[in-house]
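Each of the next two complexes has chain A plus one more chain, namely chain B in the first and chain C in the second.
And now, the complex of A and B:
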């Protein structure tokens, strides 16, 4: 009887979890997707006629905003990952004592503050200083880089586990120069972390709104800024079309990051995965 | 090479290594953290306490003198209280169900939740316009089914819509830390208690909750912090009457071009957010130590 009751609970839990996931994750994306193909959606429960007109009508500013979004996100992902790795390696070598814990707290600060506040700080600090900085996409890049830094640092730091350090120390004690240790041991070990860091930075950057809206100079609006402008003016269906393109591009890039490039490279070079990569994947 | 020589070389190497580490630490602080995070926040702080003629608290006084400030504060706190409260309740219940009655696919779901951090919140709010708006799919469907003369739903552009969107968006942020803190629990304790005859409710109340509480509290605090900092959802679904702090900061800085007032508000928000964030880190750290 007890087992029977547990089974009932199990089924109930599965049903609730499925419903919640459909409601929370699938419904919003499906709605935006459907509306972008709808001739009109209003007055009927579901759109009656499907069309591609909203995609065909996307203007030059839509395409340039999409391009800006992708460029900025790519730059943020690469730079954020490099800086995150550097921070994690520095803080790890420092250890927890003598300011290490304090610095760890300080790196994580952007996680705790509103994106608008961080954007405002960047705007105030750099709106007039270096010419060519605040009126280019660079200020958008700086604001988003500050926002993703904690995520990239966390990804890199979580991969620097104690048992992996042994290999690095062995290599340097056998006389490998630091550059060689970095290239042959640390980077292969960190491949999964680098991948997740690239993915999270790219995804955050591509949907970022608060900091970008606060700092962006004329001509450097990202796709989310444009989408929000259209939503506020009531142009819902064109906004859906641009959102679908943005989400589609983001999905393609994220899949690209998740593909096993590293293993393919290791294979082409040596014919078998490097021992460090094997260890790191365990 | 004698033993003392070797020892001397090791010492030199160790000390160069330590010097290199210090240099590296200084470089990373000066080149990354300072320009990207601390200099901007410092300038923000400075701007909030300067007026047109040197040091002044005009930003703060004009901010607190105006009648709108308390309504902005009140709106923000009410939205945060309702949405973080509901999202926490829903998230804890969901996490408990998923943890104690795992179904196939739970693992994939939990990994998926980690990517959800990056989903743009304004798109969730935007999609709700098609579903829950007065002319939205659900409203019209209800009208057809019950033969109503007017669309029954008319809450979206306002308090109700903002809270619903924030609950939808932030529930996963509670599910993840709650499940993480439950998975840190020692299962033997629960098994021992139930084998000694404790009913499930008692196991939950006397063993699971006390041990998982810091982690659950950390999730709730994080959710509160994120709803406080939320910008996209109130921008899409809010109105002139429903302005939250981040939206007020944004419009003071870019629409009214009053940077002093914007900086003053931003500094107050910074203080509140950092306190909440400190509390979150403290609780999350305690859960880890408790589990060890």
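And now, the complex of A and C:
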């Protein structure tokens, strides 16, 4: 009786959560997807005629913005993850001393700063120092890196559990120098954290607008910047086409990151079939 | 696995964590091939001592020599020690084979050699059948054997064991203990330091036992020495069961300083008819222990805890509440400081 009632409540909760998800996420995405294929959309619930027109009309600008977005996101993901890992590992070693907690806090600070303010700060601080820096795409990279670093650091730091410390000690007691401990123990053990760090940094970067808009130099644009420009001019349907492409690319990359590559590499030494290999053979 | 035997010398070791002194001015020499157990209450610094030898704990002062070489400042990976962690610390993302091979890979041993030596090490611990399995698929006892093989395959100068038996259930404990003893006999050149909080481990396994108390040496000697001639009341009470009685009961030592007592083991006490004992008292508890029967007798007039007596099976056991006399041989009484 009681169990029955709790099950009802659970079902209701699940239904509400599903609805909320659909309303917040699936519906808008579906709308964008649909509108990118719509010849015209207005006055009817669903578009009347489907077309590839908006995709065919995408110009060199759009394609290069898409490429730029992917390049920047990839660079931000890799650099942010490496930096986050490095920070987490060094802070952990200093952890027991007093400086550790303060640095820990400092790394988190960009989280609390609005991205536009962060962008402005970077723009002013690095204006022409080093020369040409603020005129190149590097400044966008720097701004986005500052934005993603707290997330990358946090996922790396949370993976440095007590058990990992013991494994590292075991490895060094067996004669492994620090570099080997990092390569054979720490990195494979942190594979899930590295994956989530790559994914979150990539996802933040590919959709980033606030800091990017503040710092981007002339002649440099990411896909979101372009999309926003079209929306401001009222071109919703062409904006949808570019959005769908951006979404598709981001999804592909995120799926790529989520595949269990780390375990594939670790087990390949012993010749055991890895999950990735199994997946590939299906 | 033949190698020149290496002894361990620790000199003036002091370790502090913040304001707390965990080890103070410890001197310890372990002979080549010796099996030393380190015994003591939880928190007395046993693990810290082991971690200092392994190179994971910074000492405030002190020196470490292994095989005559000064290793005080050497990083852990240059010490050539076999370390067995309390929770085994097998690498979860590597097979049993790769776990055991790890130390050899780190030493740049050729692949064919690695294969041979890993297989030999796994045979030594009877785990050769599990070569390709991930550690998580093994039971606790099996994981421990693999960890032992991993520590032994590098032919360490010293094997360091931190409570190797405490994670095992009672039956397994006894058999692993026997195996450890056999291992020590098979590898006579290997010095072993084994931390434990179980006095039975110390009695069964060790050539010598180091009993620690709050970061200092309470007593260092063979298990028999600790049992038969404990230096003080702490040692006597920790290493085996003991009765402490006033010195006045033994004329030979009577008149000795008031800060001493005599120590008698339960098996050194015998029952006597009323009127014929050194002490008289009332039986307050009777416990059957298999090989013996443990009696507790509350003594009359003597300010002491109940006296424990181990009666061999077959002797007449008095009833609870019965009055009885107790005797012991005066030469068994050991004088201990309080």
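Assume the second predicted complex is superposed on the first by the 256 of 282 C-alpha atoms of A that agree within 3 Å, B and C clash if a C-alpha of one lies under 4 Å from a C-alpha of the other, contacts with A are read in each partner's own complex, and residues count from 1 in each chain.
We take it that a contact is a pair of C-beta atoms (placed from the backbone, for glycine too) under 8 Å apart; a residue touches a chain by one contact, two chains touch by 3 or more.
It should be emphasised that the depicted structure is a prediction, and the values quoted were computed from it without experimental measurement.
K.L.:
Applying the document's definition of touch, where does A:23 land relative to chain B and chain C: first, second, both, or neither?
P.N.:
In the superposition, A:23 contacts chain B only.
K.L.:
Classify the contacts of A:218 with the two partner chains as first (chain B alone), second (chain C alone), both, or neither.
P.N.:
After superposition on chain A, A:218 lies in contact with neither partner.
K.L.:
What's your read, chain B or chain C touching more residues of chain A?
P.N.:
After superposition, B is the partner touching more of chain A.
K.L.:
Output check: A:32 vs chain B and chain C. Expected answer is one of first, second, both, neither. What do you get?
P.N.:
first
K.L.:
Just chain B (first), just chain C (second), both, or neither: which does A:106 touch?
P.N.:
first
K.L.:
Going by the contact rule set out at the top, does A:124 touch chain B (first), chain C (second), both, or neither?
P.N.:
Touch status of A:124: first partner only.
K.L.:
So in the superposed three-chain picture, is A:9 touching just chain B, just chain C, both, or none of them (first/second/both/neither)?
P.N.:
first
K.L.:
Looking at A:243 after the superposition, I want to know if it touches chain B, chain C, both of them or none. Which is it: first, second, both, neither?
P.N.:
first
K.L.:
Based on the A-chain superposition described above, do chain B and chain C contact any of the same residues on chain A, and if so which?
P.N.:
Looking at chain A, the two contact sets are disjoint.
K.L.:
Could you list, by residue number, the parts of chain C that touch chain A in their complex?
P.N.:
That would be residues 54-56, 75-83, 85, 87, 89-95, 97-98, 102-103, 106-107, 132, 150-151, 154 of chain C.
K.L.:
Mind pulling up the chain B residues that touch chain A in the complex?
P.N.:
Chain B residues touching chain A: 21, 24-25, 28-29, 32-33, 35-41, 43-44, 47, 90, 94, 97-98, 100-101, 103, 106, 109, 112, 115-124, 126-131, 135, 137, 140-141, 144, 168, 171-172, 225, 228-229, 231-232, 235-236, 245-246, 249-250, 253-254, 259, 262-263, 266, 269-270, 273-274, 276-278, 280-281.
K.L.:
Please output the residues of chain A touching chain C within their complex, sorted ascending.
P.N.:
Of all residues in chain A, those touching chain C are 166-167, 169-178, 180, 184-185, 188-189, 263, 266-267, 269-270, 272.
K.L.:
Across the complex, what residues on chain A touch chain B?
P.N.:
These residues of chain A touch chain B: 6, 9-10, 12-14, 16-17, 20-21, 23-25, 27-29, 31-32, 34-35, 41-46, 83, 86-87, 90-91, 93-94, 99, 103, 105-118, 120-126, 142, 145-146, 149, 151, 199-200, 203-204, 206-210, 213-214, 224, 227-228, 231-232, 236, 239-240, 243, 247.
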